[in-house]
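The next part holds the structures, each set out as structure tokens.
Note that chain A is present in both complexes that follow, paired respectively with chain B and with chain C.
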Partner chain A sequence: MSKRTTLTFALMDAPFESARTTTAMRMIDVATRRGYDVNIFAYEGAVGLSFAHQKRHANAVHGRDADQEDHPLTREWVVALLEQAAQTGGRLDWVNCGLCCDERGALDHVPGVRRGSPADFWRMASSSDNTLVIATR
Partner chain B sequence: MLRYLLIESRDSFENRDTLNVIRMADALARAGSEVTLFLVENGVLSARRGADDMALAALAASGVAVLADEFSLSERGMSANRLTAGVRAAPIDVLVDHLAAGTRTLWH
Partner chain C sequence: MRTLNVIGTAYRATLEEQDDPVIWITRAMQGAGGEFDVLLQGNAVNYVTTGQHVPALAFGARRQSHAPALGDDVEALMSKGSTVYVVAEDLDSRGVHMDEVIPGISRIGRDSVPRVFQSYDRVWRW
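Entry: the complex of A and B
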């Protein structure tokens, strides 16, 4: 039986700030659709991606209420990716840097996300077929 | 043969250090490696045909696979048929293919 492909991604950008978040999510989407085992280490501002209290907002400039605006929330993307991985037989292990969470008061996260440390990233990278670090500038 | 994937996300007209990535891709290819440069996000802007930047065409002519993310092109209203010579549009799946194959990958 062949070993399943395992990829690790390190993310550093806070949500709602950079196109890098969208690109990262697109790659994770492809990998989870293929049934790969995927590790995510969310560092610094990226711990906000799975923050459970993200809320939609209205757009007063365009006269749209919150439902009409349908603002995308990264916490929902994370949940969708976790669900997709489960459906395709893969595994998505999403780890937030604990110190980064504490610094930001980002302590509540969507189910399926766990708290860890840079040591987890080292373990992930050591046991993966490949690792991609998407750093902030 | 060693394989390298360099991902360029920055606009070359705004970030001149993108030239260093092109230089590195060229140097790796000249050393005998198989090199892919994948343009994503604002990195695709320099691939517009007619843009005043010949580095990408020269790199593609030297044997480096220069690819531009289809989604990033579409977001910016850029047609895949109007790219610099040698640059091809590609889905982001290509990045995951390379990662899964163990290609040495660097994001810029």
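Entry: the complex of A and C
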């Protein structure tokens, strides 16, 4: 039986600021759909991706109320990816940099996300087939 | 597994973080047992200059202690065995001479960067 592919991603951008976030999510989506083992290390502003208190809002410019607007929330994307990984037999280990959470007061996260440190990132990368860093520019 | 961290974006929240976050995470992972070297290019080559000084930051009555000391952080990396490369053309275009650079820095030409990349198991561009 062949070894399952393991990929690690380091993310750094805060949500709602860069298309790199969506690109990263697309890659994680493909990897989890294929049943890969996927590790995420959310560094700096990226710890906001799984922040539990993100809220939808209405958008007067679009002329839509909150329900109609159905504003994307990255915390929901994270949950969906965790669920998808579980369904396809893969594994998604989402680790937030703990110090980065502390300095932002971002202490509440969606279930399934854990707190860690750069040592976790190093261990995940060391046991992966490849690692991609998607940093803030 | 030897990893090269490539830094081109400089001064990314260095005042808020009291360091460069990529130099910091490199030192943290080095402390966890990782083998890391660093390649500085673009504006980040300024991290290896001597005589850097960050004046104290103050907003109203709030005075911030412990300003970033990027040169010291680079030297700390090297003291633990890391090689720090800088791209010569990026130093030259900024008028930085080698006598203004921290001793022990490895100056390489841009055309040597691919060869350096090939000598690592992992290359991470931050």
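What we mean here is this: the second predicted complex is superposed on the first by the 137 of 137 C-alpha atoms of A that agree within 3 Å, B and C clash if a C-alpha of one lies under 4 Å from a C-alpha of the other, contacts with A are read in each partner's own complex, and residues count from 1 in each chain.
Here, a contact is a pair of C-beta atoms (placed from the backbone, for glycine too) under 8 Å apart; a residue touches a chain by one contact, two chains touch by 3 or more.
Bear in mind the structure is a predicted one, so any value in this text is a computation, not a measurement.
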{"item": "Fit-or-clash call for chain B and chain C when the two complexes are aligned on chain A", "value": "fit"}
{"item": "Touching partner for A:M27 - first (chain B), second (chain C), both, neither", "value": "first"}
{"item": "Which of chain B and chain C A:T5 touches, first, second, both or neither", "value": "first"}
{"item": "Touching partner for A:D129 - first (chain B), second (chain C), both, neither", "value": "first"}
{"item": "Touched partner set for A:A119, first chain B, second chain C, both or neither", "value": "second"}
{"item": "Chain B versus chain C as contact partner of A:V110, first or second or both or neither", "value": "neither"}
{"item": "Touched partner set for A:L81, first chain B, second chain C, both or neither", "value": "neither"}
{"item": "Partner chain(s) touched by A:E44 [first = chain B, second = chain C, both, neither]", "value": "second"}
{"item": "First, second, both or neither for A:Y36, with chain B first and chain C second", "value": "first"}
{"item": "Partner chain(s) touched by A:A14 [first = chain B, second = chain C, both, neither]", "value": "neither"}
{"item": "Shortest CA-CA distance between chain B and chain C [superposed frame, angstrom]", "value": "6"}
{"item": "Doubly contacted residues of chain A, that is, touched by chain B and again by chain C", "value": "133, 135"}
{"item": "Touching residues (chain side chain A, partner chain C) in the complex", "value": "10, 12, 43-44, 117-119, 121-123, 125-126, 131, 133, 135-137"}
{"item": "Partner chain A, residues of chain B touching it in the complex", "value": "9, 40-42, 69, 71, 92-93, 95-96, 99-100, 102-103, 105, 107"}
{"item": "Interface residues, chain C side, partner chain A - complex", "value": "1, 3, 9, 12-13, 21-22, 25, 28-29, 31-34, 122, 124-126"}
{"item": "Partner chain B, residues of chain A touching it in the complex", "value": "5, 7, 19-20, 23, 26-27, 30-31, 34, 36, 129-130, 132-135"}
